[in-house]
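What follows is a single structure, written as structure tokens, with notes after it.
Chain naming follows the written order as A, B and C, and within any one chain the residues start at number 1.
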Amino acid sequence: MTTDATTLPTLRAQELTRRFGGLVAVDRVSLDLRLQELHAVIGTNGAGKSTLINMLSGEIPASAGSVQLDGADITAWSQPRRARAGVGRSYQRTTIFPEFTVFENCRLSAQAMLQRPWSVWRSADRCGYSTDAAMAALTDAGLAEAAQRVAGTMSHGQKRQLEIAMCLATRPRVLLLDEPLAGMGAEETERMLELLDALKETHAVLLVEHDMDAVFRAADRITVMVNGAVLASGTPEQIRASAEVREAYLGEGVGA
Amino acid sequence: MDLASFLVQCLNAVQYGLLLFLVASGLTLIFGIMGVINLAHGSFYMVGAYLAFWLSTALHLPFLVMLVVGIALAGALGFVLEWVFFSYLYHRGHLQQVLMTYGLILIFDELRSLLAGNDVHGVAAPAWLSGSFALGGLMSYPWYRLFAAAACVVVALLLYVLIHRTRLGMMVRAGASNRDMVRGLGINIRMLYRAVFAGGVVFAALAGMISAPMSSVYPGMGLSILIISFVVVVIGGIGSISGALVASLLVGFVDTFGKVFFQGYSGVGIYLLMAIVLIWRPEGLARRSW
Amino acid sequence: MPSMRAGEETLASVRAVARRTAAARFGAWLPLVAAVALIALPSVLTPYTRDLVMTLIIYAIFALSLELLVGTTGLVSFGHAAFLGIGAYITVLATPASGPGSIAVLLPLAVGGAALYALIVGALSLRTRGVYFLMVTLAFAQMAFFVFHDTDVGGGSDGIYLYFRPVMAVGEHKLLDLDQWGQLYGLAVGMLIFTYAFLALLRRSRFGHALAGIRINEQRMRAAGFRTYGYKLAAFVIGCALAGMAGFLMAAKNGVVNPELLSWHLSAEVLLMVIFGGLGSLRGAVIGAVGFTLLKELYQSPGLVGTLAADHWQLTMGITIILFVAFVPRGVIGIFRRLRTAPGS
């Protein structure tokens, strides 16, 4: 699938850099996220992937470089502001609300888009907007039947699904997914990949992942990071064929 | 204010700050290494002062002997307390630690009332430290205060050497950053914690013993020093000894000169200082250092 | 569309489950019973127990206000007494020397003053978290304590007297005269009911749900798009303002205020009240306030525990606190919850 280089990317990172004291964790990384495209970022531990995703979502400020959403410079925007503008984020460590029901997890996330904190007399579950958005997100993520279960009692795979569902509840256009497949078995991975395929149709997806088979199956573009910098970026075929990538990261025999 | 008075106040500020450091270092060590907030830390200070009173007045021990015996007793107290009480606090949340150590304050206070009554007592400075010395013909400064400051400096240096130059100190620093690793290396974490806790108690009690001849021995002394110590620890950064030193001296100066220039508002001064520091650096002055 | 119908059904069943559990909850009608009992109470009280009951009501409001901070939002404040004290002092200081002040003026001033200090303290403290927040709130409370204790503002360590209790008057006609104990009691009960109902509404509103989310996982809330600092500050100000209201009642009840109202002992005690009753529960806060205060009274009564124990009540109190926090960390409500979710139910 070829991407039209002249269309504006939904999310663009330009020369993003992050320094911690003397250490350069992310070194002038640029990448584009486009609608209907899944862009995977791979690299060894310590390659700077987490820091990169944190800068894109707004959790940590960039030392240099810029982030643009639909052409607008959002580099100085806080994370909540970016989230409300359509940048959704899922975490590597599950960050659901274990004490709430699955439904409430999504409803509360959706509430962020229509907050109305001053209407004290109205019960939260009478809020039509958030309940509708939550149901839609749960249905999309395949968790509709589990809606009234207490989130903390679910299996690991279901919790990761809920993590995505909460992300979807705010109706984002950009999805920054940090290792959604972490700790999943084969069947759960399969389900998640199907979900990602479906999500790709309507979102711009960034996927940070370690599972190489999944990455090569799902991604439209792959960026390889080593020591904080981009080693190579291209289609899965290009990456697979790249000698330097193979040498630095993949090792012989994978996807050959 | 003339030069002589200014110098005297400076010396007072440094001396008070160093004493605060003695108390605060124990507090920040215990919190930084074991993760325990101990509201009863001020009670150890009080225990030290009352020990000084009892050992010198009832048992008539000479001053230096009193200090040594006091340190030993305080160490034993710390050892036992960690064993029977504080070791159960490590896994609890901060709120529970706060409330349980608050209960401990009440117990200590009442025990003090039962054993030593509610009166204010005085402890005499030893004869060889009484009187003042002349400072360049400008003014005189009490020998005892100089001794107090010097003692604190000695302890601070000992602490530095201990933490940075001994195997024990290495274990302490390692235990602070990675408990499981230290345990895996076969080091007895429990004994290590017990030693650290006993050390914190000794510092606080020693401060109490040293300050007894200067500020007398009275029921509320533990509580007042506790809150100031917490302010010092917050300003300096929790877990940082060097931060505690800088913060103690800062607080010493703000408090001493505040009392001189703004009678009646001095109590507020150190909290203003804390507010200003926290606006600038919400995690205290130190940057995760020792 | 099939998915829409499935969604509607699920939504309906979620609502049904919620209704059932609410009704089944044993304490759902308990607050109502308690309110009725409170209203009927005055007829059976002696002067000593009158003062005790008033104290219990005021502390119940005080504990409820802290529950919003600690139990709902997860902000563990160790300086809550300062706001009760500020409310009390403003009530006394704003009363004219010549006659009673108007409730319509004094109450908003007391609540507003507490809220203003809370705004300042909160704005600075909420930049910190965890232990730092605990210590910073304590320190700001100490600052307020010293202002009233050391300066001329509040009459020093002896405090000041309230010579004329507030009234609500239209011209010469007194609608409400807090000098009459019955009317003061009525106002206190009304305020308690208001506080309870208001917090109950708040907790189930969007704002309340957001606060709960912030308590459980603030990072996730920010990732969803909530400006969590603003929510926390709002909760902090509301909780402290309610404490100021309790302070108004305290001043009206006692007829005198002193700096001990801002002491960190009281801050620790109100924390203990909330823990005793059970964190995260409005009923827990009230139960905790009543239970703790009665326990403290008990420990200090020579007639009930003997003179030696009564003189050294802090010993028994300290031991009780340690044992309770250690072995009953979820409080009284926690005991009930555990009984209810026993196997088979």
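Definition applied: contacts are C-beta pairs under 8 Å (C-beta built on N, C-alpha and C of every residue); 3 or more make two chains touch, one makes a residue touch a chain.
Keep in mind that what you see is a predicted model, and the values were worked out from it rather than measured.
Undergrad: Taking CA centroids for every chain, report which one is farthest away from subunit A.
TA: So the chain farthest away from subunit A turns out to be B.
Undergrad: If you average the Cα atoms of each chain, whose average lands nearest the overall Cα average?
TA: Answer for the innermost chain: C.
Undergrad: Compute the distance, rounded to whole Å, between the mean C-alpha positions of subunit A and subunit C.
TA: It comes to 42 Å between the two C-alpha centres.
Undergrad: Could you state the distance in Å from the CA-based centre of subunit A to that of subunit B?
TA: 49
Undergrad: Which whole number of Å gives the spacing of the CA centres of subunit B and subunit C?
TA: 34
Undergrad: Could you list, by residue number, the parts of subunit B that touch subunit C in their complex?
TA: 31, 37, 88, 94-96, 98-100, 102-107, 109-111, 113-114, 227, 230-231, 233-234, 238, 264-268, 271-272, 274-275, 278-279, 282-284
Undergrad: Where on subunit C does subunit A make contact in their complex?
TA: 3, 6-8, 10-11, 13-15, 17-18, 198, 201-202, 204-210, 212-213, 216-217, 219-228, 231, 234
Undergrad: Which residues of subunit C touch subunit B once you look at their complex with the stated criterion?
TA: Result: residues 70, 76, 78, 124-125, 127-128, 130-132, 134-136, 138-140, 142-143, 146-147, 149-152, 264, 268, 271-272, 275, 312-315, 317-322, 325-326, 329 of subunit C touch subunit B.
Undergrad: Give every residue of subunit A touching subunit C within the complex, in rising order.
TA: 57, 59, 78-81, 83-84, 88-89, 91, 95-101, 103-104, 108-109, 111-113, 115-125, 127, 130-131, 135-136, 138-139, 144-145, 147-148, 166, 169-170
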